[in-house]
């Protein structure tokens, strides 16, 4: 499932790369789609050339590839999500374990980017997704449904960035003019979670 | 009349400067209107600040001002027309004398520019005008009518440059692509002759 | 969009090939641009880098008296840690390496990661954040690094050639940044090759004030005005933040698509403005140095010189983009 | 059209003010740009000039090892004889003066008049006519002078510094011109400030082949193509006229609105082309040097070097636009 997750994320990001770049053009520098597309192509290559033997290896390998090939702000940030997940994910993988690892991944991004929810960044999609996973674990729902709830939460979180004024990253330069546009990183985070729901077992 | 001639030419060129520049944009470098407008403003200044005492002085002073301020190809060429006219014009001025001087002015341009009729230059308006004047002298018509015939001949000459392929000046670089456009220098020469007709005594 | 390129994807690589072919003083390997005669034993190494599309910054400033290596990222995308680590190790002559980093989230994160990972090399870092168009507050990522980057690279590079320790080179770099301010105005947006259309739409009648060097839109849009007024707008912003006084180093910089003639027109106004404030243009630079692809417009950067900075600015430099 | 200017009428004057403020090595008086340290007794004086809008050509090339004076005309309009006479007299150090004249009717006529009128000074003239886009025949004004002007000014300037007689300086200038060829391609038209709109209309899909440096349209319009093909088109034209062989000086020149990054992409292709013909890029220059206001596009100029020309090219030069 982990390999499939990144393959599906790569597919979605490739499909939506122009939308992501357009979002970044509005409040950034018009490269987010290209950046992430390049990075996920590299993830695909890494996972194909060096077939990973465990979920942990998938996450670490993917995170590393993103750091090594994306550049910009989103490279280190996304890379950290997955590398941190890989660091703490316990095997055998359970929904609870996945949720806990994901939570730590999100914390790593918040720490690295010094970003909190409401700053109009990818955190605004990742944090709600993480919360949705935690709730799903608490309520004992199935994996597929849990992932679907996380995807929904991420999508809503991304949409909720529209009225926000950016306080981190390039969009913050715009001050009030950043209001009214969806954050590209939040939009791509929503794609990652949508991919997760699609490949749910 | 000589001062009035240049004043009227200045007015016409100023009025038509955008058209002249547009013609020059099509087959040259889009400065003919600006060039001549600047030059004739300078002529006006010279004639006002140093009031000339004779037609010869008007011509010399105007020609010199054009050479000193226009630059480009048209500056020295127009300047030579009037300076040469000033050199040979006999006083008192008669239509025959004017016609002869004008003829010499045109010859000076042809020599300086190494241009012949048909090369798609100002010569294609000046030479017919000169011929018209000579014919008028031969036929003994009045000054006003002579100037009007010259103006008509110049205007027709300018229009006749449209189908020509340029062999001199910047338009010659275009080869066959110069065909289909009126030569800006021929167009401005027609304005000079139109001005002459207007101020005819 | 028409650009001189083969494909958008290969553009950075193709341009680097051209640089390598044009400048025998450079050596280019694995997306890092080095001085061909480096590393120099005992000299502090200077590494900078950032997204491509700002040429001649940074790779054009590699050479004697300036950078030892530059790490060009993809267009408008900071380099990745691998490049920076590679460069850092390669230019270390035993005296440590200074990272000159423009203050953008991406640049900062990638340089930080690289500095951590290149743990075998002593690394100091100097942040450039000179753009007064951005308020430095809790509510932004802080000021952007723009034109002053050139000043920092030149002056720190000159000091490094004198063989002083890393801490001193880092100090002078930070001093230059602290004494420098910039403001930029765009007449047109740039177009990134991947997006294929202008990053922001700017009508024929308007200019964008306070733009970044990545096509980030500015903070306000105002009607187009004569050069004198645009220069005053930029200089008011600079002067309001760091009063102009004493001897100044002043750069009027084109955004990539700005003809030199227009920059001279602006420079005349900037010089008159400086004089009006009782300060003095002591050193200057006019040209396209810190660019934003094909953007039309200009930025002005001012640094308050002192004797040391003046001496270091005047020191010989031999790079493709700056040479005296 | 948006341009950084005060008024179209004052633009040349305003830009010259900016030049004067930026470059203490220049002295500007009555529309002539001089070396502040001239005239030099016993040295042949070099005077060039032409319409403005080609910056840094010519005024940016005034200085040690290059021009003694430049006469900037109005935009795209050759200077008037007064300027040239003034400059010619001022730079004469007793060894005579070389006029370097681009082959345009206007430039030729005005320089000729000036040379005649400055009868007290010994004047020689070197015509630059390197643009292979124009057929040199009875049916044209002859080839245009474009990029090779820079080569002629640099190399003749270097020889003049050696104190040789006027005839020798004129000879080397003519030799450089004879050994040089250029070809230019535009992606967009320039816009003159007075006209306010593009001189020619060029759709997004097309490029114009064989353009001049005054917005003169080219001889053909073809679909936009990758840099490799555009470079080959330009180089085919050059090579077809003067076969590439031996050591070459190669300039890839931007038309004023072309970012450096794109020029490097083109240079990589040009260098590969040269190699493919068995010749060698021995010296090179990449940048916006002989421009056409805000035009986007490039030109390539090639000069067949010999030992003397190489030595003179390498000789020190210190001007705002070229310095080593």
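We call the chains A, B, C and D, going by the order they appear; numbering starts again at 1 in every chain.
Operating definition for what follows: contacts are C-beta pairs under 8 Å (C-beta built on N, C-alpha and C of every residue); 3 or more make two chains touch, one makes a residue touch a chain.
For each chain, UniProt lists the protein as follows: C, D = Dihydroxyacetone kinase subunit DhaK.
Owing to the predicted nature of the structure, the values given are computational and were not obtained by experimental measurement.
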Intersection of the contact lists for chain A and chain C: none
Mean-CA-position distance for chain B and chain A (Å): 74
Interchain centroid distance [CA atoms averaged], chain C/chain D, Å: 29
Between chain A and chain D, centroid-to-centroid distance (C-alpha), Å: 54
Contacts with two or more other chains, residues of chain D listed in rising order: none
Pairwise touch network: line, ring, star, complete, or other: line
Chain pairs in mutual contact under the definition given at the outset: A-C, B-D, C-D
Footprint of chain A on chain C - complex, ascending: 51, 73-82, 104-106, 109-110, 113, 133-135, 138-141, 144, 192, 194-195, 199-200, 212, 214-217, 219
Residues on chain D engaged by chain C in the complex (per definition of touch): 1-7, 11, 14-19, 21-22, 52-53, 55-56, 60, 187-188, 204, 207, 224, 226-228, 230, 252, 256-269, 271, 281, 284-286, 288, 291, 293-294, 296-298, 323-324
Interfacial residue positions of chain A with respect to chain C in the complex: 21-22, 25-31, 33-35, 38, 67-77, 112-113, 165, 167-170, 172-175, 177
